[in-house]
Every structure is written in structure tokens, then in C-alpha cells.
Amino acid sequence: MSIPFAHMLFLATLLFVMGAVCAMTRRNLIMILIGVEIMLNASGIAFVAGSMRWQEFQGQVMTLFVMTAAAAEIAVALALIVCVQRRTGSINANRYNLLKG
Amino acid sequence: MTFFDIIFYITASVVVSSTALAITRKNAVHAVCFIVISFMGTAILFYLLGAPLLAALEVIIYAGGIMVLFVFVIMMTKMEKPPVVKSSLSSQWIPAVILGSTCIIMAGILVFSDSGKWLSPPAVTGTPKDFGIVLFQDYWLAVEIASFLLLMAMIGALYLGRRKAYDPPEEKIQEKNVI
Amino acid sequence: MNTVLFLLLAFPLTGALILALTGRFLSQRAVQTVACASVIAAFILALTAFLLSGHSAQTVNLGLWFAAGSFHVDIDLYYDSLSALMTLIVTFVSSLVHIYSTAYMRAEGDNVRYFCFLNLFVFAMLVIATAGNLVFIYLGWEIVGLCSYSLIGFWYSKPGTADAGRKAFIATRLADVAFGTAIALCWTDLNQLSVAGINDGASSLSSGTAAMIGFLLLFAAIGKSAQLPLSIWLPDAMAGPTPVSALIHAATMVTAGVYLLMRFFPVIQCSQTVLLAISLVGVMTVCFGAFSALVQRDIKRILAYSTISQVGYMFLALGAQDLAGSMFHLITHAFFKALLFLGAGCIIKALHEEHDIFRMSGLRKRLPLMFWLFMAGTLSLGAFPLTGGFFSKDRILLSVFLQPDIHFRILWVIASIAAMITPLYAFRMFFVIFYGKPEADSNKNAPIQDLMTITLWPLAILSIFAGFINFPLNWGGSLWLDGFLQTIPGAAAETHPSSQLEWTMQAGFALMTLTMVILAWVLYSREQESDELSGTPMTEAFQRFFLNGFYLDHFYQERIVIPYRNLSVFLWKKVDEGLIDDGLDRKAVFFMKLAERLRLWTTGQISDYVSFLVAGFVMILGCLTALWWFK
Amino acid sequence: MISFPILSAIVFIPLFGGLMALACAKNDVICRWIAIAATLLDLLLVLLLFFLEPIPNISGGWIQVEDFPWIQSMGIRFTLALDGISLVLILLTSILGVLVVLVSWNGINRFVKIFHFFLLAIQTGVLGVFLATDLFVFFLFWELQSVPMFFIIGIWGHEQRIYASVKFALFSIAGSLLMMIAIISLYLVHASQTGEYTFSFLKLMNTSLSWHAEILLFSSFILSFIIKVPLVPVHTWLPDAHTEAPTAGSVILAGLLLKTGVYALIRFGFPLFPYAAQFFTPFLVLLGLAGIFYAGWIALVQEDLKRLVAYSSIAHMGLIIVGIGAWNITTLSGSVLQMINHGITTSALFIMTGMLDERLHTRKLSDLGGLWKTVPIWSGFFLFFAIASIGLPGLNNFVGEILILIGTFKAMPWTALAGFSGLLWTVVYVMKMLQCSLWGKDKPRPGVSDLSLREFAILAPLCLGVFWLGLHPGPALGIIEAAVTAMLDGNIHQAFSRAGSP
Amino acid sequence: MTLLTLKPILFHLILAGGGIIIFGAGVIGKTRSKNLLFFISTGTVIAAALVELLINKDSAHFLMMLDTGDYARFFNVMFALLTFLSLLFTHQYEGLRKAGDEFYGLMIFALLGMSLVAGAVNWIIFFLGFEILSLSFYVLIAIRRDDPYGNEAALKYIIMGMIAGGFLAFGIAMIYASTGSLDMAVSLAGLEKSWDSPVMLLSLCLILAAVGFKISMVPFHLWTPDVYQGAPTPVTALLTTGSKLAVFAGFIRIMMHASDWLWGFSLPILWAVAAATMLTGSITALSQTSIKRLLAYSSIAQMGYVLMGMAAIKNDAGEAVIFYLVVYAITDIGAFGTIATLCTKTGKTLDDLNDFKGLGYSHPWQAALLTLCILSLAGLPPTAGFIGKFIVFRAVLEVQHTGLAILGIAAALLSIFAYLKVIIAIFMKSADKIIVTSGLGTAAMTAFTVIFVALLLFGICPSTIVALIGTINP
């Protein structure tokens, strides 16, 4: 396999930016979380690619921890979303703007 | 260009396009479906890049666990209608796309100017055994920490998600007093 | 001798201090006693000093006042014949005025303040007379100003009195600026401040510096002596109690300016220009005072303008380098003017604070004693032949005439014309007050206390006979004063005129005076309409012009006082509060507005926060990429 | 030299007293007595120094030096040193320290303990400024004196107190922050040259700076100082602060805080940057003159008695700056003496205005008039101090003014001439002040009593001071002159002569 | 592997154990005995701190993962102190009367997270610590589930935090991709494999964004006021001090290890964001009427000063930056803690400036401490903040960043304007309503005393602590 390493990194970056764009544009809290997942996933690709480049396991190990962290965060975040949605009935991110200024 | 290369590029394009579709879906369930496709593609990439265990975990944790969680939550929350105001679309997307493309251009400049290294076979293959040895010998501390992370996430999610008998009514959000 | 001089100064000062510190606890009689005693003691000491002193000057050092670097100022006294005369006059007149005041002030409250300042004034005047250095003179110079200020405003609740005091103080202070500068200039160029030292060093001064110092001293003197152009304060100063006017604003303080010039006569002599300027100021003021006095209705204002005018003669004499003549006139003027003022005080008191001479007419019958006493003063003021005023004024005119410079001839002519006006206004005042039909409806006059009249007698006698202290040669006199003053630096023996010239001058002068007296009699001894002004519009305008003191006061008000105040208001409102302060406030407001703007950045919307997170990232990335790209 | 660290004691006794007053006092009266005791003790120590210490001869410098290590890692030492200039100024400080406590005896009724704490803390700050020779310590005290002042104006002031206190705080801090940068820069430059990290100004004086650096540093220092003095364009905090502060605050402001600015200028500003100082002197003198004219004119039309006195303060300080600008023994002695004089006279005027305010509850000139009839003793004192402030010979201000002006005349005749004219403006507004307060028609003022014994006791020492400095300033002037001469003979003079052309 | 090998991480073990005990106690003790939980948690914190203080360890890195040297020890003790103070304030805080085991346990875990972030020498630990820290705060902020403000604050923090986590992960990935090492020192110094890869710049940006989010660096600061205002006040107190301190500890390490090439790119960015942060924080604080928001903006400005110090970090400014951070932490926890004690019986915290009117007279202790803290924030003597600011400016001027220093004093001046508003409200306005709060308990008084003494001690004789800080380096 002879793919330029830059292509892989670029793929990861592309995915990362797409995730960020998703988080920026979407008003749906769940979609924002999906954007974050995409970003974390992109970092996983970069890690694995790096691991391949340097021929060692650290990157892969890190990917595992990123996944763990992603899972943990998503769990808490979804719980919070459920919690607030239960109270206000809305998952529109921008409706939560009591605090500002 | 080898066969693997072709598969790589095809998979990559699938991943990118499904992600692009995912982030633009109005319906969250559709988005989740596309994202699952994207994650599947990622798993293939992982496999191609010599991480079969991660490929499996990707499918199990991401595509299987997390996305199902999403679907559950989507089901639990009664989705409100998306805002009718159409103008918000451009005001939402245009700056984001500009920012995103600028970002990609910049990052692309940096990435492609990296003194181009080619990944050369044979790539190491992270067999579960090798992987486990590294993980539990060199990184046991991190594993322990990750376990605490999961414990906290569990407790936090439990605490936040638990329905209380005296959940306050909705109008409380209008309250002016900051506590 | 040292002790005498020290005590001479100490007595009035102690009197003032006692009154200031314990005056509240003393009875009125005690206050008056302390005040009079200290001044009379000073008079006795002055007399002693006068008798003890020889012709040579004496220096007494009472100690160091202050010093810094090379600059040091002593408290020292310099007693020469000039100071001897001045102390004598000051203590004599002030003793009389003090005694007079005890009676005059009996009915008024606040005697403590009055006598305290009066004593302080005597002290300060003595300091001027005897101080041995410029700074110490300046001390006296300023304190007399302060006392004058306080005493003019003595009846502070009457409208205008305090204003008059302030005007006097500010006008004289203006002159003091010149004095201060003169001190600085003397120090810079001569490196010393003592009177003797400056006079000795005068010859070593460059002519420019000497002229500069001379002009500065002249300006200082002008302020104190109410000469043109700073004469405006004196008529207003009449708002004070009459004894104060007599002492401060006639006999002593206003002549301090003349005295200052005499003190530094050698410096002044260095520059012909200064001398000419002095005479010019003198002559102009003589005319100004005389013409203004001619139309005044207020008795004290007449006397005030007359003072201005008479002091002008003294200046004129100094300008003509006749120090002795100037001193001669200073002495006679002190006597007759004090007499007139004190007399006027009696009359005013008797008529229940009536100041308008046209409401006084016919007092000859009602106040016969005052008639005679006042006549003595008027004769002397009007330079009636053989009175003190006649001799002193004649002497001055003669000196001016004798000056070789052509300019002085012109001045002489003008001064002579002014000398004609003097008897006219003097006798106008006299006739209007004492002749004419008595006011029918006037109340019975208040009694004049004996003590007040008693003090007038010595003054009256001296007014008439003061000529004898410097009896002209052609009358067989010895010019005692000239002789006495000949040790004074600068008062060098002048060329004596031929006795023929003297006779001619005196005769002409006497004739002139008599004519004027008769004219005054014709014009004013009849019944007077107490109308404001009379005559053709032309004369009326003139009268108004003179009545208002050539509108000088008006001019200052319009050109200086009001613009000054406007400038102050402008600076305060427009510059200080407007430009500077508001400028700062505007900056504060700007930042507050900016803060409000920046506040909008925190929109409260999660999407915006995320966008800014990414935007910030992109920005930093952009910067770094650019940096990297161009490196 | 006294071996006991008497300077540190002098500096910290007030603060300690303040803490005692804050912590131990059971009620307000005890608190006041504690404050009095602390300030009196302080005064006693200063008098001890004044009378026991021999005045150093001309070549000597410091009378007393104390030096302790403090923050060694940065080379900061707690150094206090006393010379003649400091001595007379701390004498003034300790005297006014006692007086301000007395002045506030009846006037301050709210939060008395806190008030006295702040009052005494300021005193510590001011004393520290007058004694510190380590620049860091100096800066610390410099800041320390303005913080309590902010509270005093803001809590116990009059109607516009908050505005005034904020303005005061911002001006003070703006200046001092810039100075902080300059101090640190100087310290670093010195360290880079000698390798020794020190804030001792005697050592920093030997730093050789480039022309630009010197100009920049000097301007940063000077800005802070002239804000405190204050000179004209940066003076606007002063009328507000003086007017709104309680009497004790005004007295401290006028009597002490303004002096710290001038003191710092003499002690640090000029010696540290002789070349820049020489370059800037004309500007400073110009600003000083501007102050004399500008403030003198503005004072004339003030409607508030305190504001009038405040503007008069600016004018007087302007003259002091002119004296410093001329920079010779005569003018410097005169300026230092004039600082004391101004401290006495203006403080007295503020105290008296405060007394009036306590009685009539107004300071508006239009509400006054005819006070001589109502309160004759007060009026007598007022007249006296007003006259002193216009520089009547025989009273204190005259000596300072004449020294400044005569000394200046030699160097800069036209400046001195302008300065002389300042005497005139002073008279104009002081006369107006007297006119509107003492003289004129008196109004019925039932229940207004004349000075009490306490008030008399406050004014009497000031009065004596006025006479003492006016008639026999010899001792004080001798001490000042010795210090000034030592300073001029030292580095500064050499530097000045070296500084031929920048 | 014996137990003895675990000695270096005894601190972390105690915390982990303590946290689990608390959860256990929460499960067992149905009554939710608040005091029990409070004592267990404070006991844990104290024990951990004592261990860290008393047991001397070699400064080697534990498993090449965790720094256990003096640098980490110092910070661990600081975090323990801050958590301890925060717990004390919680005890006083009426709003968290009903807090259960989740709260106390997560406080301990937050402490664990801080210590991991500060001590990490491996990116994996850094990342995990970062996540633990974030995760515990997500829940802590939302601990009052029925409070709409708390919920909203948590929502904002969680979304932003997750995105920041994504940035961090991707940044680490980029570092790894270009250097092949996850060891911080190795990867940043680029000693082994590659050292001037442009991808490092990308990762620098990403990590700056992640770190910048945590330390509220402009333009990543927008969440700060909202979250501070919405969160329960003791949590805010810890969030604004402990979390920032921890991330800064890591940031200092990162910057110290950065290669000169990388540092050359970081410096201008640090310069610019420091200036922007100082000015934005100071100016925006001017318009605030809520005291918590005002303090939030002020803390942003304070971070600007630290960043200013960071711009000189390569030139021995570590001492200055750390001292400033310590002072800032004590000051800000004092300020927020005081506000936490100003809470009515109903759990309503005083927040509007109007509520603070006349507070100086009704609540002298709180007012005194708050004033002292504000003076310290403003950098006025005799408080620690004065020395802190002095030292930082010194460090900045030493590397000739004069422009930055000037901007710094401009910002300081502006922020003083804002601080004065608080002091004015407290002391110079009279109260228009009577505010009854629960009095000060022992816990709060202890905290007050500690903060009071620390602020004055560091302000008057800072030599000891400065010297101590001088000896530690990452």
C-alpha cells in the first residue's frame, strides 16, 4: 500500500472540519453531538494513520482511549440533554440563552 | 496503485460523502444512519491501516453502541419542528462553510507541505494480542484512568438522566432570579 | 540706641499682639488704653531716637530672618535722618489719630479689631521707615496694605466697604509685584539687599539695570501712593472710618511710596529717564487729583483726590531731584491732611454721617470751633501764603523750575496751573461747608467730643507753622530740613536759586493763590443749589468726567476687571470642566460604550460560541500558516 | 544614628494603631483615643529625631538609614533613609496626622473604626513614601497611600463623593501603573549592565541609559508625579477630590499627598534621570507656571469654598514646581519649605472650611457672608490663614515664595517674573474668598457657636507653625538646605554638569 | 510490581479511593447524610494533600506517564487546597444543601483530573485528565437538576467542552502523526524524528484552542461568564481556579518543552491573544451588573496577564507565571467563595450589584474579604495581587515585550474601573433592602481565614513562596 501519508491526514482533517461545521451550523443539540463524534472519529483516523507511519502501537492505543472518552462524554451529554429536554421540551441549542451579556 | 490503494480511496470517498450527507440531514434519524455508514467506512480504513482490533471496536462501540444511544435519545426526546425561518439557513451555513473551507485550505497547505512521506508496506498489524500486551503493560495507568472516566460518566449520566418525582414545571425557565 | 529702635518697633507690635490675643477679654477702655499707650510710647521713643541720633546712619541687626544658599535676609534696621523724620511723623500723627479714635470709636463696636490693625499698621509703617533691607521693607510694605485693607472694610456689613478694601489691596498688590521683581533684580545684580548696600552699589549698576530697578520701584510706589494709573483705589478707600483715612490714606501710608523712592534715591538718580518718569507721573497725578477734587461732593472724596494730587507734588519733587523738598511737602501734607480728615470726621459725626458738602452748608454758626480748625487745614492745603503748605509747594515748584532739562519747564507750567486749582477746590469745600444758608430742617447736630477736637489743635498749629522747619533762605531761614537731610545719599546739595528768583516765585504764587481764593469765594460762598450738576452741556460733561475721576475706574472695570472675570469663567467652564474634564469623561463614556458593544459578543447562544471557537481557531491557524508561508 | 529601627517604627506605628483601632476599640471614643495615641507617639518619635539628631554637615547625606532584606530573589530590600528633606516632611506628616484625628472627632460618626484605620493607613503610606529609598518599597507605599484615600473620599465624603473617589483612584493608579513599568525597566537595565538586581535608587542612579530610554522612563515617572502634584493638564481629579472629601481627607490630600508628588520628583525623578530631567525642565516649569495662572484664575470664580481652596492648591503647587525646575540651592530649599508651608496653610483652610460646614452645612460662597459677626474667632483664624496663603511677609508662605522666586530669577528671569505675577492672582481670589465669607451682610444664624476648645487646639499649633516658619524658619531651612546641598553636590550635580548637550 | 512502586501516585490513589468511598457511602447511606459526605471528602483531600506534602518522592516520571516531581507536587497541593476551600464554601452554601454523593465524589474526581492534567508527561494522560476534569465539571455544574440556569450553564459547558476535547484529540493526533511520539517532551522538542514539520503548527493551533477554551482565552472565552453565572457558586469557585490552574500547569509544560522552532511561532500568537484577552476581559467587565459575570470577565482579564507572562515563559518567567497563578487562584476562590456565603436561606445567591449595596456594614467579614480579593485582583498593595502583577510585568519587561506591558497596564486601569464598581456598591451606597443570609459557619470562617492570611502573607512577605516556586520546574 503506498498512499501518501498526507492524503490520510487530509482525509482526517476533512472529516474533522466537517464535524466542526456540523457543530457550528446545527441547532439541534443531538446533531451538535454528532458533529463532535465526527471530530473525535477523525482524530482516530489520524492516530491510526500515524501509528502506521511510525510503525508502532501508541497511536492505536490512543485511539482506544479517544473512543472511551467519546463514549463517556456522549453518555453524560445525552443524559443532560434528556434532562433539560424533559424540563423545557426543547432540544434547540439556541433556546437556551437565559445567560448572556 | 495497488488494490488496497483503490479500496482506500473508495472507502475514503464513501466516508466523506456519507458524513457530508449526515451533517446536512434535517432528520436526526437519517443523520444517524448516514453516520453509521461513515463509521463503517472508518472501520474499513482502520483495517486497511493495520488496526483490525480497532476496526472491530469502531463498529461495536461507535456504530453499535453510541449510535444506538443516539437513536434511543432521539426517540425519547419528542423532536420539535425545525425552525420555519428559512433565512437562518444561509446565515447558519455560509459563515460555517467559509470558516470550514478556509480551515481546510490552511490545514491542507500545512499537511501537504509536510516533507511527503509515503506509507510503505508491510504495515504493522495490530493483532489483538500485541495490542493487549502494549495496552496492559505500558499503558495500564491510562487504562485505570479511563476506567474512572467511565465510572464517572456512568454516575453522571445516571444522576442527570434519573427522573425525579418533583421535576419542576416548565415555566420555571422564565424565572428572572439567578441562583 | 539699638534698644530704642528695637522698642520703637516692639511697642506697637506688642500692642497689636496683646489686642489680637486677649482683646476679647478686655473692656473697651482697656483696649483703647493699650492701643494708645503703645503708640504714644512709640512716639516718645521715636523722639528719643531722633534726639539721640547724629547725622550718620545707624545699622542695627536684630538677627537672621532666613537664609538659603547664598541668599540670606536679616532683620536689620537702618536709621538715618530720613527714617528719623519718617518715624517721627508716623508716630506723631498716629498717636493723635489713636487718641482721636478712642473718642470716635466709642460708639462703634469691635474696637479690638480696629485698634489691633491700627497698632499693627503703626508697626508696619515704622518697619518701612527703619528697615535695613529690601525684604524687610517689603514686610512692612505688605502689612500696611493688609491693615489698610482691613480697616477700609471695617464696617464690612455696609455695602461696598469690603469691596473698597479689596480694591485697595489688589491695586497695591499689583504694585507689589513690581516691588518683588525689584528685590529679585537687586539681588541678582548687586548680590545684596541692604538699603545701604544697594545705594552704595548703585553706581556700579549698568544704566539699563538701574533704570529697570528704578521703574520697578516707581511702579511699586505708584501703587502704594495712589498715583496714576493706580490711583483708583484711594477715593473708594474713604469707605473706612475717618480716622483711618486720616492716618493711613492721607498722612502716612500713601506717602510710603514716596518714602521708598527717597530711600533708594541713588538708584533712581542713576537714570534720567526714571527721574523724568517720576515727575511725569507726579504732574499728571497732580492735575488728575486737582480736577477731580474740584467737582466732588463727598467731603472725604474731595480730600482723597486732594491727597492724590498732593502726593503727586511729592513725586514731582523727587523727579526734580529735590529730596528735601519732597520730604518737606510730605511733612506739611501729613499735618494738614490729617487735620482736614480728622476735622471732616468731626463734622460728619456731628451731622449724623452726612458726607455731602452741599448738605452741610452754613456750618460756621453751628460748629464755630470746627470752622477755625478746618480753616487752618484749608489754608495750608490751599497753599495760602505763609502757611506750611505754601512754603513746601513753592519749594517744589522752584525746584522743578530750576531743573535744566527743558521737559521740566513744561512740567513746571502744568504743575503751576494745577497749583492754581488746589486753592480753588480747597476753598470751594471750605466755603460750601461753612458758608451759605444753613439747612433749616437739619436736626440739631450731635455733640462733638472734646477729645476729638483737642487732638486737632496740635495739627492745626503745625499745619500753619510747619513752614518753619525749612524756612527759605530769602526769608532769613536756614533750610533746616535740607541741612538735616544732607547726609542722605542722593540728597546732594543742590544749586541754590538766587533770592530774587525766589521772591518772584513766591510772590507770583501767593498772588495766584489769593486770586483763586477770591474766585472760590465768589463762586461758592453763596447759596448753593444742591442740584447734581449745572451749567451748559459742555461743562456738565466735564463735570461728570471729573466727578468720576476721569472715568479711570470705569475704564478698569470695563477693560480689566470684567475681562478678567470672563476669562476666569471661560477657563473654568469651557476649558477646565469643558475641555479637560469632559474630555476625560468622554473617554470613560467611550469605554463604557465599548464595553456594551463587547457585551453583545457574549450572545448566550451555543451555536455562536461554537462558531467563535472555530473562528478563533481558524484565525490562529491562518496567522500561523501565513507566518510559516512567508518565513 | 539611632540603633533602634526608629524609621520603621515611625512608618508602621500609625498602621499598627489603625489595626488596633479596628480590632480592639470597644466603642468610637476609645477608637479615637487609640488613634490619637498612635499619632502622638509617632509625632514624639519624629520630634525625637528632629531634636536629637545632629544636622549633618553639608557633605553628609543621610541622617539615618535602615536596611532589611525583603524579597531577595528579586533584589528587593526594605530600605528607609532619612535626610533633611524627609525629616521636615515627616514632621509635617506626623503633625497633620494628629490634627486630622482631632478634626474628625465630631465630624465623622459613621463607621468610626474603619475611618480611623484608613486614616492611619494613609499616614503610614505617606511616611513610607517620604522615607523609602528602595524603588519597590517606594512604589508600594505610593500605591498604599491612595487606596485608603479612595475609601475615605468615597465613604465619608459629600454629595458627589463616588464620582470624586473614582476619579481620584483612576488618576492615581493610571500614573502609578506607568511608573511601575518604568521602575521595572530601569531595574532590568541596571541588572543587565551590572548583573546586580537591585531597586536601591542610589545604585540605580548610576545606570547609564540611552537618551531615548531615559526620556521614556523619565516621562513615565514624571507623569505619575505630576498627577499627584498635580500640574495643569492632569489636575482635574483634585478639585473634585478635595471638595468631596471629608475634612480630614482634604487635609491629608492637600497637606500630604500632593507633597509626595513633589518629593518624589526631587528625590527620584531628577536624580535618576538627570539628562532627561534637564531636557524636560522647561516643560515642567511651563506647566508649573500654567498652574499658577490657570488655577489662580479659575479659583476666582468658584462657588464652593472648598473648591476655591482646592484650585488655590494647584496654583501654589505650580510655584513649587517652578522652584524645582530652577534647581539650585535657593529654589530647592524654598520649594521644600514651601511644601511645608502649603501643607500648613492649606490644611488650615480646609480644616476651617470643614468647621464651617459642620456648623452651617453649606460651603457655598453665596450662602456665607458676614461671618465675622457670627463666629469672630473662627473668622480671625480664617483671615489669618488666608493672609498667610497670599504670602504676607512674616508669615510662612512668604519665605518659601521669595526663596523660589528670587532663586528662579537668577536662572530664568522671565519665569520668575511670571511667578511674581502669580502673587497677584492669589490675592485676587483670596480676597474674593474673604469677601464672600467674612465680610458682607451677616445673615441670621441661630445656634451657630464659635470655635470649641478642641477646634482651637487644632488651629493654634498651625498658627504657631505659620509664625515659626514665617519669622524664624532658620532651623527648618537649615536642615533642608543641608540636604539639598548634599544632593546637589552629589551625583546629580555632576550629572548636570556632564549633561552639557544631550 | 509491589505496592511500593505505587508510592509516587499515592496522592492519586487516595483520591480515587476517597471518591469510590463517597459513592459507596452514597449508595449505602440512604439518608444522604451531608456531614458524613462532607467529612469524608474533606478528609480525603486533606489526606491526599498531606501525603503529597510529606512524602518526598524522586522527581522521576512515573511510568513515563505522570510527573511526580516537585512541579506536580506543588500543583497537587494547590489543587487540594483549592478543592478544600471550595468544599468548605459548599458547606456554607445554601444552594447545595441537598447535594449528595455525586457532588462530593465528583469534586474529588475533579481534583484528580486537575492533578492528572498538571502532572501528565504523556499526551494520553493529558487527554484523559482533561476529559476527567471536564466530565466532572459537566456534572458538577448541572448538579442542581431543577435549576434552569445551572442546566443551561452545563449545556453550554458540555458542548463547548466536548468540541474542545475534539480539538485536543485531533491536535494530539497531529502531533503524533508528525513526530511519532506521545511523550510530551519528546514530541514537542522533536528530538528524535521530525522537528519542523508544518503539521506541528496545525497541532499547535488545535491545542491552543483546546487549552484556550479551558483557560478562557479570547476568542474562546465566550462560555465563561455564562457558565460562571449559572453554575453553583462553589463549583464556579473551583472551576475558575482549579481547572484553570491545572490547564495552565499543563500549558506551561507544553510551552517549556516546545522546540525553539515551535516557540518562534507560538510567541506572536501568545502575544496577540494575551493582549486581546486582557483588554476584552477588562473592558467587558465594565458593563456588567451581575457580580459573578463581572468576576468572570475579570478572571478572563487575569488570564490575559498570565498569558502575558507565558509570552516570556522561555526566559525564566515560569516563576512569575506560577506565582501569579497561585495568587490569582487564591484571590478568585476567595471572591467567589465570599459570594457563595452570601446566600439567602432559600438558596438564592446575591448576584446583582444592587444587592451588594451597603453590604460592608451588614456583612463586614464577607465585605472585607471580598474587598481584599478585589484589591488583589486589581493589583493594589498590600495584597498578593500587587506582588503578582509586579513580578509578571517584570518578567515581561525582561524579554522586552514593552508594548504588551503597556497594553497590560491599560487593561489593568480599565479593570480597576470595574472593580471599583463593586467596592462602591459594597461600601459607598446605602442598602435599599435588608438582606438576611445564613451566618458564617466554622467552615466558611476557616476558609476566610486561610484566604485572608494567604493574600496578606503573599502580599507582604512573598519571598518564601517565590523562592519555593523558583525551585520547581516542569
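Letters are used for the chains, namely A, B, C, D and E, taken in the order the chains are written, and counting of residues starts over at 1 for each.
Basically, a residue touches a chain if its C-beta (ideal position, glycine included) is under 8 Å from a C-beta of that chain, and two chains touch if they have at least 3 such contacts.
Predicted, not measured: the structure shown is a model, and the values here were computed from it.
Listed here as common contacts of chain D and chain E: C.
Identification of common neighbours of chain B and chain E yields A, C. The most distant chain from chain D, with centres taken as the mean of CA atoms, is B. Distances from each chain's CA mean to the overall CA mean are smallest for chain D. Computed from the mean C-alpha positions, the centre of chain A lies at a distance of 65 Å from the centre of chain D.
Centre-to-centre spacing of chain B and chain C amounts to 101 Å, using the average Cα coordinate of each chain. Mean C-alpha positions place chain B and chain D at a centre distance of 69 Å. Averaging Cα coordinates per chain places chain A and chain E 26 Å apart. Multi-chain contact residues of chain D, defined as those touching 2 or more other chains: none present. Residue positions of chain E touching 2 or more other chains: 124, 128, 131, 135, 138-139, 142, 145-146, 148-149, 155-156, 159, 163, 167, 178, 198-199, 201-202, 225-226, 229-230, 287-288, 417. Multi-chain contact residues of chain C, defined as those touching 2 or more other chains: 599, 602-604, 606-607, 610-611, 614-615, 617, 621, 625, 628.
Chain pairs that touch, as defined above: A-B, A-C, A-E, B-C, B-E, C-D, C-E, D-E. Partner chain C is touched in their complex by these residues of chain E: 155-156, 159-160, 163-164, 167, 198, 201-202, 204-206, 208-209, 212-213, 218-220, 222-223, 225-226, 265, 268-269, 272-273, 280, 283-288, 414, 417.
Per the touch definition, chain A reaches chain E in the complex via residues 5, 9, 12-13, 16, 19-20, 23, 29, 32-33, 35-36, 39-40, 42-44, 46-47, 49-51, 53-54, 56, 58-59, 61-62, 65-66, 69, 72-73, 76-77, 80-81, 83-84, 87-88, 93, 96-101. The part of chain B that touches chain E in the complex is made up of residues 106-107, 109-111, 113-115, 138-139, 141-142, 145-146, 148-149, 152-153, 155-156, 159-160, 164, 166-168, 172-173, 175, 177-179.
Partner chain D is touched in their complex by these residues of chain E: 319, 361, 375, 378, 380-382, 386-387, 389-391, 393-394, 397-398, 402, 405-406, 409, 412-413, 416-417, 420, 423-424, 427-429, 461-463, 466-467, 470. On the side of chain A, the complex with chain C involves touching residues 20, 23-27, 32, 93-94, 96-101.
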